[in-house]
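First subunit A sits with subunit B, and in the next complex the same chain sits with subunit C.
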Partner chain A sequence: MKDTFKLGNHEFTSRFILGSGKYSLDLIKAAVENAGAQIITLALRRATTGNVANILDYIPKGVTLLPNTSGARNAEEAARIARLAREVGCGDFIKIECIRDSKYLLPDNYETAKATEILAKEGFVVMPYMYPDLNAARDMANAGAACIMPLGAPIGTNKGLATKEFIRILIDEIDLPVIVDAGIGKPSQACEAMEMGAAAVMANTAIATAGDVPAMAEAFKYAIAAGRAAYLAGTGRVLETGAAASSPLTGFLAD
Partner chain B sequence: MMIKVNGENREDFDGKTLSELLCGLGYKTSYIAVEMNGDIVKKDSYSTVVLNDGDSLEVVNFVGGG
Partner chain C sequence: MEEIKELDPKNRIDHMTYLPDMEIINSDLDKRVVAAMNEYDYTLFTANDVLAALEKDVLSPRDFQALLSPAAEPLLEQIARRAQRETRKHFGNSVMMFTPVYIANYCENFCIYCGFNRHNKIRRAKLSFEEMEREFEAIAKTGLQEVLILTGESRKGSDVKYIGEACKLARKYFKVIGLEVYPMNSGEYKYLHECGADYVTVFQETYNSDKYETLHLAGHKRIWPYRFNAQERAILGGMRGVGFAALLGLDDFRKDGFATGYHAYLLQQKYPHAEIAISCPRLRPIINNDKINPKDVHERQLLQVICAYRLFLPFASITISTRESNTFRKHVISIAATKISAGVSTGIGGHIEGEEAKGDAQFEINDNASVDYVYREIEEMGMQPVMSDYIYV
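And then the complex of A and B:
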């Protein structure tokens, strides 16, 4: 059986959601292909006039577009951006970002839950980016979220799974895909999130600031696949004390 | 006679359609979404919406983002 996960009515085999920020349009196609990504995030901004290149021309066909609501400070602003994004005509996925804190860029869970409720009712596939708090995650699930996207560390820091214990609680308690978003800086950290049972990992800065963008996209692909395979296999137990020989304790040679 | 487009005043579009303005400014409609005076304008209405003095437009498109 194929190992897939669902967002709304859409099924995905790749568990790597790729961000498209902070690197050149020319690298996007190679990054998406090397990542094996089926979902790529985008932002919505005022359009410049004239004949400028548009990112939509650089994204391989068949890849699901996931616009975010970056720039929104509350639920109403997020809803406005989401509606405009849908009007461009590239589907009804939306990643909610409601951020009032300009230093640490931490999401406002309360406004995010409100935006989730508004947009889920309007038929969006709502993917809320959130601080990993169990009560807020339950609110978002009840409001109709298609998944939850807890942060591993503040956006763009590459600091890894700083919130590991709390993400573990969400994976245990929330009956939706848990997609670790933000802060994942290295493939090993993405792998760890997947071993814990995350449904997918989203990364942008880790790829965009790597020495070789497409090569790092590929490294993440392998790490995420390895972590998923390990989760499905069930990781081995940890001994609290002592040791346990892997080789037989009988049949030794005589002195 | 002024129409505001993404915060900038534009002349010469009074009485023209939204399509004419978008085309005149070099926007490709398949890439964009438009809000007029706070309300979204559906793409299939671009050619029938007529602009009036004081209208304010937001024209947005996708860019790279995480």
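And then the complex of A and C:
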């Protein structure tokens, strides 16, 4: 059986969502190809009306565009940016980013849940970027989100799965694909997220700031595939103390 | 010779007292910045303080002070490397491009170092809306999507309504509109925001109000605290982002650099959604006064200040001025700056090829490079020129 995951009515085989920011436009195509990515994110704020350095001209055909609402400070602004994205032909996918902190760029879960509700009703495939909080994730799921995108660490920090325990709870409890987004700095960290059962990983800064962008995109592809394969195989039993006790605690049980 | 009465100190107005119609807001940021700046003794810092600051993920105001101190100078190479990593983390290899558009150069103030000052004999002009539109058209053809609209500081010569109309016209051609005009009240900022502007930059020039008093001899600009609170009023008026700067070289540049960064830091703490930008101007020679020159702020010190801004405020946009040489600008965008102007004319008009500017320039620029040239240079540095990173909502 083919191992796929679904967002709305769309099925994907690649579990690597690639960002398009922070690196040279003419590397986007090679990065997408080496990553084997089927989804690429795009900040609508970067798309221009002019014809010089317009990021839209550099995204290869056949890849699903995932515009984000970067720049929105609340649900209302996110909704407006999403509609604008649809108008300029970016399709029905939308990654919600509601951020009202210019220093750490941490998502505002409350506004994100509100935006999820508004946009799901308008027929968008809504992918909310959020701080991994179970209650907020449930609200977003109930509001019609197509997946949940918790952050692994503050965006751009490359610190890996700093929120691991909370993401694990989301994976266990939320009946939607959980896509780890932000903070993933190395392929090994992406692999770890996948081993835990994440449906996919989204990465940008780690690849954008690598010495060789397309080569790092490829490294991530293999790490994500390896992590997924490990998850499907079922990770082995790990003994906490390293050895079984010689006289069992439960040895007294008689009948 | 015209008699200039403000040359005699007894004829000057009090620079700390608001004039009628100047809005007073509830803010203690000016007191906090001044108190911290006055306490800052940069001679007390050692190389160890600097190295400790470089070890940290998030720098404190004290770390920022260490980076601005003379003890940091010998460590500039290390500081620059750390600044470059921080810039990459937050901005990748993006470099935003923009151009300033001077639409008027009337000015009511008497700032002794500025080419627009009201006693300086220069050609005064303001663009008609027709001229402005032709100017915008010419700029848009170069591919630029962001403009910074500037005026001299004259409410009579370039009133709020005139600036508002300029913003509306600019919105037809550009995605991002910033303003660098005289400080105004929050209601006026709200109006200009509705006209399409979203960024306001105000240079404080120097945070030392005693020094400020001796340089800004007349006009509304003389009122130091009203100028200080301009960014906060702009945010209250609904602007998305605000820009800060001290004109380095007017006074003690280390103290002014510290006050600039700390001002921005406190404002972002109070209004976490506010986007922060910093400019790093040094003094430049002006028409009719070529004796003005940056004294103690050489390129080395300027780079030190820029890197300190980057490490203390890693998320802030940092603009590098056309006042600087092409070589300096080129290298600084690969280390710490994230925004660069191109195709600059500081005269009134002057973006249309083959046409002379209608009014004289505020200062002499060092780098005359065209948009195409700067674009290619950014690419040659392995960086990505970005025309727009903003959406008006």
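The rule is short, and it goes like this: the second predicted complex is superposed on the first by the 235 of 255 C-alpha atoms of A that agree within 3 Å, B and C clash if a C-alpha of one lies under 4 Å from a C-alpha of the other, contacts with A are read in each partner's own complex, and residues count from 1 in each chain.
Everything that follows uses one rule, which is that a residue touches a chain if its C-beta (ideal position, glycine included) is under 8 Å from a C-beta of that chain, and two chains touch if they have at least 3 such contacts.
Owing to the predicted nature of the structure, the values given are computational and were not obtained by experimental measurement.
Within the superposed three-chain model, A:T13 lies out of touch with both subunit B and subunit C [touch as defined at top]. Of the two partner chains placed around the shared chain by superposition, subunit B is the only one that A:L42 touches, whereas subunit C remains out of contact. When the two complexes are overlaid on their common chain A, residue A:N68 makes contact with subunit B while staying clear of subunit C.
Once chain A of one complex is fitted onto chain A of the other, the partner contacts of A:N142 are absent, as it touches neither subunit B nor subunit C. Residue contacts after overlaying the shared chain place A:T4 against neither subunit B nor subunit C. In the superposition on chain A, A:V88 makes contact with subunit B only, not with subunit C. By the touch criterion defined above, A:K103 reaches subunit C but does not reach subunit B. In the superposed pair of complexes, A:N158 makes contact with subunit C only, with no contact to subunit B. Once the two complexes are laid over each other on the shared chain, residue contacts for A:I28 go to subunit B alone; subunit C is not touched. Across the superposed pair, subunit B and subunit C both touch subunit A at residues 21-23, 25, 43-47, 49-51, 54, 80, 84, 156, 205.
Contact residues on subunit B toward subunit A in their complex (touch as defined above): 6-7, 25-28, 30-35, 40, 42-43, 58-66.
Contact residues on subunit A toward subunit C in their complex (touch as defined above): 21-25, 43-54, 71-73, 77, 80-81, 84, 99-103, 105, 156-158, 205, 208-209. The residues of subunit A lying in touch with subunit B in their complex are 19-23, 25, 28, 41-47, 49-51, 54-56, 65, 67-68, 70, 80, 83-85, 87-90, 155-156, 182, 202, 204-205. On the side of subunit C, the complex with subunit A involves touching residues 88-94, 140, 142-145, 175, 268, 272-276, 315, 375, 379, 382-391, 393.
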